[in-house]
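Labels for the chains are A, B and C, by order of writing; each one numbers its residues from 1.
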Amino acid sequence: MDEKLFEYAPAPESRSVVDIKPAYGLFIDGEWVDGSGEDRNKTIDPSNEEPLAEIAVATAEDVDRAVAAARRAHEKVWGPMPGRERAKYLYRIARIIQERSRELAVLESIDNGKPIRESRDVDVPLVAAHFFYYAGWADKLGHAGFGANPRSLGVAGQVIPWNFPLMMLAWKIAPALATGNTVVLKPAETTPLTALLFAEICQQAELPNGVVNIVTGAGGTGRLLVGHDGIDKVAFTGSTEVGKEIARAVAGTRKRLTLELGGKAANIVFDDAPLDQAVEGIVNAIFFNQGHVCCAGSRLLVQESVAGELLDRLKRRMATLRVGDPLDKNTDIGAINSGEQLAKIRELADSGEDEGAERWSPPCELPQRGFWFAPTVFTGVAQSHRIAREEIFGPVLSVLTFRTPDEAIEKANNTPYGLSAGVWTEKGSRILWAAERLRAGVVWANTFNKFDPASPFGGYKESGFGREGGRHGLEAYLDV
Amino acid sequence: MSERLSVRKTYKLYIGGAFPRSESGRSYVVNDAKGRFLANASQASRKDVRDAVVAARKAFGGWSSRTPYNRGQILYRVAEMLEGRRTQFVDELRAGGAAKTAASAEVDAAIDRWVWYAGWADKIGAVAGNANPVAGPFFNLSTPEPSGVVGIVAPDSALLGLVSVVAPAIVTGNTAVVVASEPAPLPAITLAEVLATSDLPGGVVNLLTGRRAELAPWLASHMDVNAIDLAGVSEEAVTDLEKAAADNLKRVLRPGIGDWSAEPGTDRMTAFLETKTVWHPVGV
Amino acid sequence: MPTGAELRAFLHGLPGVDQVGADERAARLGARSIKTTAKARAIDLAISMVDLTTLEGADTAGKVRALCAKAVRPDPAQPDAPKVGAVCVYPDLVEVAVDALQGSGIGVASVATAFPAGRAPLEAKLADTRAAVAAGASEIDMVIDRGAFLAGDYLKVHEEIVETRRACGDAHLKVILETGELRTYDNVRRASWLAMRAGADFIKTSTGKISPAATLPVTMIMLEAVRDFRDATGRTVGVKPAGGIRTTKDAIKYLVMVNEVAGPDWLTPDLFRLGASSLLNDLLMQRRKLATGVYSGPDHFTLD
């Protein structure tokens, strides 16, 4: 039989559902306003480097206006509003997200480069679910375990990353609004479009002016926001390096802080693991969203007695991964979000080779234009190699082996990070034993990269502090 | 016949279950409220901080994996030991300037506080944990776990304040390096003697006396300390310590409580707890 | 012949299957989008893999002849449509089918071994098999003794397959696991290996008489088994999901799964079959839609 017989034909999702404007301003106090400065960022489609839109860069004056609008809204409207009314606004938003889900998914894939399969089946449904979940809390805060009548903090300054642009927005805005806070949110400079579409959704929901303000820009705008005297709360998701910078910036203030930062998660496979599901789990752990995932299972720790067999299976599976057009419904791995990130991934992968690890990628043709990186696995990696210690934030897996359970735990915890970990074994007591010892905020046993609005997410150690999601996620926005 | 000359106590540090002098060989004079000499307290150095952190880290694995019931028993045992030395603490507080009734009340409150926190050992998990109803075939449970080694700059409330910051940190399984009140360090060392005889494993609590301004920055910047309680830090010193703590993203508890006799609530425990969420598929 | 203890140790030593993970993977494969040219090729491939089946107590020679006519010429309006993989009938109707298919190149498969329950003495099962082969069946679809399997008597199951294999002579042996009665994916994996070790040429999901019949995850577990069995032994075994596959969309999901789990080597009627009856008309209807660009309706396809 001809090998090509069953080559899948292109199955592109239509771009026509989205309407990208040539230029965007800032969303402040319920209105679109031009930035006060001259500076503009261009956001591009990372799969072909075509410019998508010009984006305003918010200045100190703009951030002032946004914070002032949020403050007014908190004092006059949103803070005093009964929880049940706030809830209904959030339910409205959740519904509009569901109604416009295809548009949001396509726009996310265009701006971010992630496969439409993920934006359609993971990101956007979770975004709607997150608003739905926290909507329900808005009028039940007295039952959440933080006192009978917990108060909101005030104005939250929120800075989010480019890997899950809309989902990170939801993780920030939904709990903040449910608890009665108002927000000024800055999306990442390479992925602002879905946040700007969300602003439009706020208008459709008739959310009171100033409750949600979106200011665009790069790190400079982020610094202006987190350093602003008028905010009560800073929530940041991004790199550990910037997280530390923010922690220093809020030192000595009364601002409350939550940080969700980097990771270098160990995914531990014991020799009695359900191997086929473990292979899927490994693939999902490191190649989901091109590996642009803070909780990615980027270190595979496999028991030596099963390492050969597992790696054979993993490589065979990797050969079926489809890399290419993010809008093709059959794409498994899309584009790297930016040239800058691609350079970083390349640099770290090269260091892996230089340090003596063995590099392997399945044969795959990468498109000529845009930012691409083939799924890559390094074997023979030592704990001391950079690719075993540093967050690569790309589709690059480092494989290490262990001999005994104790050694696995020791290696897994031997990192300044502590966001997530994976354990694969059919033995129940070993799962619980390992889960107890892993110093990580999320432990996925016989699964990986699962998210749910009801489930708290966040790190130990230098992966940050505070939790997003679940009952725990309320605490970050309440005066407790 | 002349009166019997009393035997004075040498106030030393408490590190890893032992009572060493400061490696620096330094001490400083502690006076009573009227300015009369009371004792020479050890003046700990950065190297004592280093040693204390090593001891606390070493003790963390064992202490955090004790059953909560066992930790509760040990904290309750601390209360028992403290009760037995009630008079000694009242005298020590009076020597520091407290009136008799106030000193008595403070010791009582400190004992009761140990009892209060002892009871939390096997309950905080129920209050701070959660079974999460996720939308899929998964078991999903969040449980609180100790952050690790907690640095504590204790407040000037020499006994009640000290107990109120140490007990909530360790009851959940953390280990602690404590910088005692600078002007009133003596009850802290006497408390260490209580701890040393209460089945509390060595290294779970390590007590240093000396200059806050000298010791706190080493604690705040130490990369193997996971969290820091700034209870006894002055407003002007907070910013720099918080900045130093950011280097490894310590959990920071800012100063703020003035009245240590108030009902404590759970905040000082939850400040040094991480939430771990475990997922597992549900299938046959 | 292995001992019972060896078989048990081997089968219980196979890696476990996590149900939720397996379901997820199968669902994700099912979400592949097969369009245009790929879809056209997939439809023809699927038609060529259909084991067109009638297994009713009410079957008659007339019914079987009608089915055979359909097998040879599935759609009179589309003479270029491929013929099906085989026709599958009860043993007593094999002769009728062989006659009707003379010269068409289409084989006759027959269920045997006291299908569907398999609750008969081994001698009766073997006689059933020999009769079907003697009547001209080129493929035998046997059922395993699920009772023995669930009771842990793997050796009995093994021996029955070996005996049936012998009774088949040159005919190909498909071993029906009846996965709907085995219930767990771990059992499906063990039964697959048991059947392959005992000499199965094909492993087949179901009789079609028990619900659930074929499902995507169960078929995936079996595809993994044949893939791993070839790695281990060098022998290639085929897979046949049967029952419950009714639409083109379903059939394409199975082909995607074959392609990505076992690999393209299995994308041939020699190694993959779809046990179905109503599926064929839907495949033909979709085929005509691709050819003409307009949607068709059931009145335009023969009911046989």
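Annotations for the structure displayed:
The working rule: a contact is a pair of C-beta atoms (placed from the backbone, for glycine too) under 8 Å apart; a residue touches a chain by one contact, two chains touch by 3 or more.
The shown structure was predicted, so the numbers you read here are calculated from the model rather than taken from an experiment.
Comparing mean CA positions across the assembly, the chain most remote from chain A is C. Of the two chain pairs considered here, A-B and B-C, the higher C-beta contact count falls to A-B.
Remark: chain A and chain C have CA centroids separated by 44 Å (rounded to whole angstrom). Each chain gets one centre point, the mean of its Cα atoms, and the points for chain A and chain B are 37 Å apart. Computed from the mean C-alpha positions, the centre of chain B lies at a distance of 70 Å from the centre of chain C.
Residue positions of chain A touching 2 or more other chains, listed in rising order: 446-447.
For chain B, residues that reach two or more other chains under the stated contact definition are 138, 281.
Residues of chain C in contact with two or more other chains: 18, 20-21.
Across the complex, chain C meets chain B through its residues 18-21, 23, 183-184. Residues 15-18, 20-22, 24-25, 31-39, 41-42, 45, 224, 255, 259-260, 264-265, 267-268 of chain C are the ones that touch chain A when the two sit in their complex. The residues of chain B lying in touch with chain A in their complex are 65, 127, 130, 132-136, 138, 140, 142, 147-148, 226, 238-243, 245-249, 251, 254, 267, 274-281. By the touch criterion given at the top, residues 1, 3, 5-11, 117, 121, 272-277, 280-281, 320, 329-330, 426, 446-447 of chain A touch chain C in their complex.
Those residues of chain A that touch chain B in the complex are listed here as 129, 145, 240, 243-244, 247-248, 250-252, 254, 259, 261, 416, 431, 435-436, 438, 440-447, 450, 452, 454-458, 460-462, 464-465, 467, 470-472, 480.
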